[in-house]
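Note that the chains take the letters A, B, C and D in the order they are written out, and that residue 1 is the start of every chain.
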Amino acid sequence: MLENLKHQVYKASLKLVEQGLVIYIWGNVSTIDREKGLVVIKPSGVSYEEMIPADMVVMDLNGNIVEGTLKPSTDTDTHLELYKNFTHIGAILHSHSEYATCWAQAGRGIPPLGITHANFFNGEIPCTLPLTIEQVENNLELETGKMIVNTFLSRNLDPMRIPGVLVYGHGPFCWGKDVSSAFDHTVVIEKVARMAYRTLVLNNVSPVEKILLDHHFFS
Amino acid sequence: MLENLKHQVYKASLKLVEQGLVIYIWGNVSTIDREKGLVVIKPSGVSYEEMIPADMVVMDLNGNIVEGTLKPSTDTDTHLELYKNFTHIGAILHSHSEYATCWAQAGRGIPPLGITHANFFNGEIPCTLPLTIEQVENNLELETGKMIVNTFLSRNLDPMRIPGVLVYGHGPFCWGKDVSSAFDHTVVIEKVARMAYRTLVLNNVSPVEKILLDHHFFS
Amino acid sequence: MLENLKHQVYKASLKLVEQGLVIYIWGNVSTIDREKGLVVIKPSGVSYEEMIPADMVVMDLNGNIVEGTLKPSTDTDTHLELYKNFTHIGAILHSHSEYATCWAQAGRGIPPLGITHANFFNGEIPCTLPLTIEQVENNLELETGKMIVNTFLSRNLDPMRIPGVLVYGHGPFCWGKDVSSAFDHTVVIEKVARMAYRTLVLNNVSPVEKILLDHHFFS
Amino acid sequence: MLENLKHQVYKASLKLVEQGLVIYIWGNVSTIDREKGLVVIKPSGVSYEEMIPADMVVMDLNGNIVEGTLKPSTDTDTHLELYKNFTHIGAILHSHSEYATCWAQAGRGIPPLGITHANFFNGEIPCTLPLTIEQVENNLELETGKMIVNTFLSRNLDPMRIPGVLVYGHGPFCWGKDVSSAFDHTVVIEKVARMAYRTLVLNNVSPVEKILLDHHFFS
């Protein structure tokens, strides 16, 4: 079932490795069939080299496995929480790409400093607050999902206009209407993370004004 | 018509991608046949992978399309403004290369700090002022062109000796007598942007003196 | 004898070069057969290009050569000292990878600033003190081994939970239960060295708390 | 004549490009047959792509061309001055490699901060003083050679123990007993330039002590 989506998740997973956005066991990809209410997600515990499309796990939004013999990605609960709350997104990618992870480790959102950023992200890419120890001990992945949702709600951000977030001390999660778009946002978040880092070393400039951001956003 | 120029624009566009100077939809290339008064420019809305030489758009200096079924690059008005005012240039390339874009985002011109710079750029590579909101809302691309021209006029700079500029908050535009030379300037501006960034981290040195710059300029 | 281990040492040596973690004569790899008490180590004075598996040197823990016609790696005494004192480790890799070496040259341990670090290293990756001139003149390699062991003992660190160290002014040594695991730690130490460098430029954050580190450690 | 040396100069020139140490027309290579008193040097005005071994120019130490139809490298007078004064060197390479050039542009010598440096360079890699305008207008290349020689004489440095220099505002020149050794020093100077840059960002450490440098120098 959902063979096309399985292929998309599989191929995006391999592209993350090819483009140097993840190494080892880090990173994961999922997509959703909104009509059927089914999520396809990368399995856990299989190396990128050995993985095949049929390994992808199919589950409902409550995490009940519908097809697949492998354990789903350890970050599954984060993905499900995002699909439930960000009802227009169709795919999620999580990477440990270098510069985006540095901003996440530094606990700083990435300010919009130019058109490259503004084309894909209509404002600062936020960084969540750190989880409390209770949250970590309770259900780290679920709490991470809630923290992301809360970050968007409390700042009144539209996840379709800011299609990514930095999880404090961890790394970026990006999404989009489909796998291809979520992948693009994963590439661009790393690009703007690199550029913002160096821009601020050169000059402590202010973010681009909202009216200009709006003008440049590819909606 | 102008098949040779179409090939040059097409091939330079692909080389920008190959050398990592642009990704996605960013960047564009054009050239001009000064005798015929015709400009050949990369189309908009076609990915680098799918583009073929016949997709290149031919237009006159007023932007009237003479040949081609696709929309010309969104930055067309910037290119035309430069061709009208910088009457010796034969080609223009726009990239979002990483370090040059960082200087543009930081709003700083790149000072000439060594011979690598001086060989191709006879002085600081200027950064334009930011556009006003009125300019953005009027005609962003045309106003960008005017801003570049004004930057050169107001500082009495010769565009054949300073064959490139940083557009504030956006990225570099480079030019030259032909596509090949404009491409070289696009590569070199990124190179000197990288070097100047690191040089200033090591030591806040002054620019090279004018008499030495002149000595090293390949005219 | 120990043909399988020789192949592992040989292949890991070549992979260090392929992945840009060493150039020239720098770097070395060894592994141990704990039952037989024999160590297999890369030879000295043979370039990576010319080396073959049969060149690997076999010795006992006192450094007596059991098989092999070439001189063992100049860092042999460091390796032997680690095998004697860290009794659960099965392989050691030494590289001059760029960022890890910079932390070693700066005399600073790499603080745990995120999950990427915490997955493989359960705390700060320590940097040794500098050797004294007497230690350098006595037996540099043996004293380096003793210094590493002392660093772990004096700070009460478990080498299976912190599977690597920075040798002051020199570079990283990593280990693991086998060659494959020691190789992974060598890749990850460079990755976290890069990330920690940039994170601290962005924000002088504190290390991740111990309880969170424990939660994320892949034991 | 000197076909073997021509091949060495030719191949080292191409390797400089392959390893990203020069682009475009920058960089040059020469070697000397001390018995015959003849220097073989890369020609000027031929691109790396088009160059063939037979294009290499043969000249005596006074710059009289003995064989070859092309103009010798523009930096020829610098090379000849070094061969005359550093009587044990057998080859010279000049690159515009990125980080070494940054140190040259910053006017700072590269301090010895670790073993990677100490293995090949027995102390700080000096940066020359800037040339005066009179020197530039007289004979830039000859004066550059004299400046390098004077830098070594005035600081009592042995060019066989410090086999390279940074020319102020320009870039690195390295040498060695033969082309292969000069090439290694060109690679290592870039490596240590990268490492020293990042080490000093992490911690403003002092150079390694002389007695330790001596211990680690591969003579």
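Criterion: a residue touches a chain if its C-beta (ideal position, glycine included) is under 8 Å from a C-beta of that chain, and two chains touch if they have at least 3 such contacts.
Predicted model only: the values in this text are computed from it and were never measured.
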{"item": "Interface residue identity across copies subunit C, subunit D - same or different by half", "value": "different"}
{"item": "Centre distance in Å when subunit A and subunit D are each reduced to the mean of their C-alpha atoms", "value": "48"}
{"item": "Separation of mean Cα positions, subunit C and subunit A [Å, integer]", "value": "34"}
{"item": "Interface hub residues of subunit A, defined as touching at least two other chains", "value": "201"}
{"item": "Pairwise touch network: line, ring, star, complete, or other", "value": "ring"}
{"item": "Touching chain combinations (by label order)", "value": "A-B, A-C, B-D, C-D"}
{"item": "Complex contacts: residues of subunit A adjacent to subunit C", "value": "23-24, 26, 96, 98-99, 101-108, 133, 136-137, 140, 169-171, 197, 201"}
{"item": "Complex contact set, residues of subunit A against subunit B", "value": "113-116, 119, 184, 187-188, 191, 194-196, 198-203, 205, 208-209, 211-212, 215"}
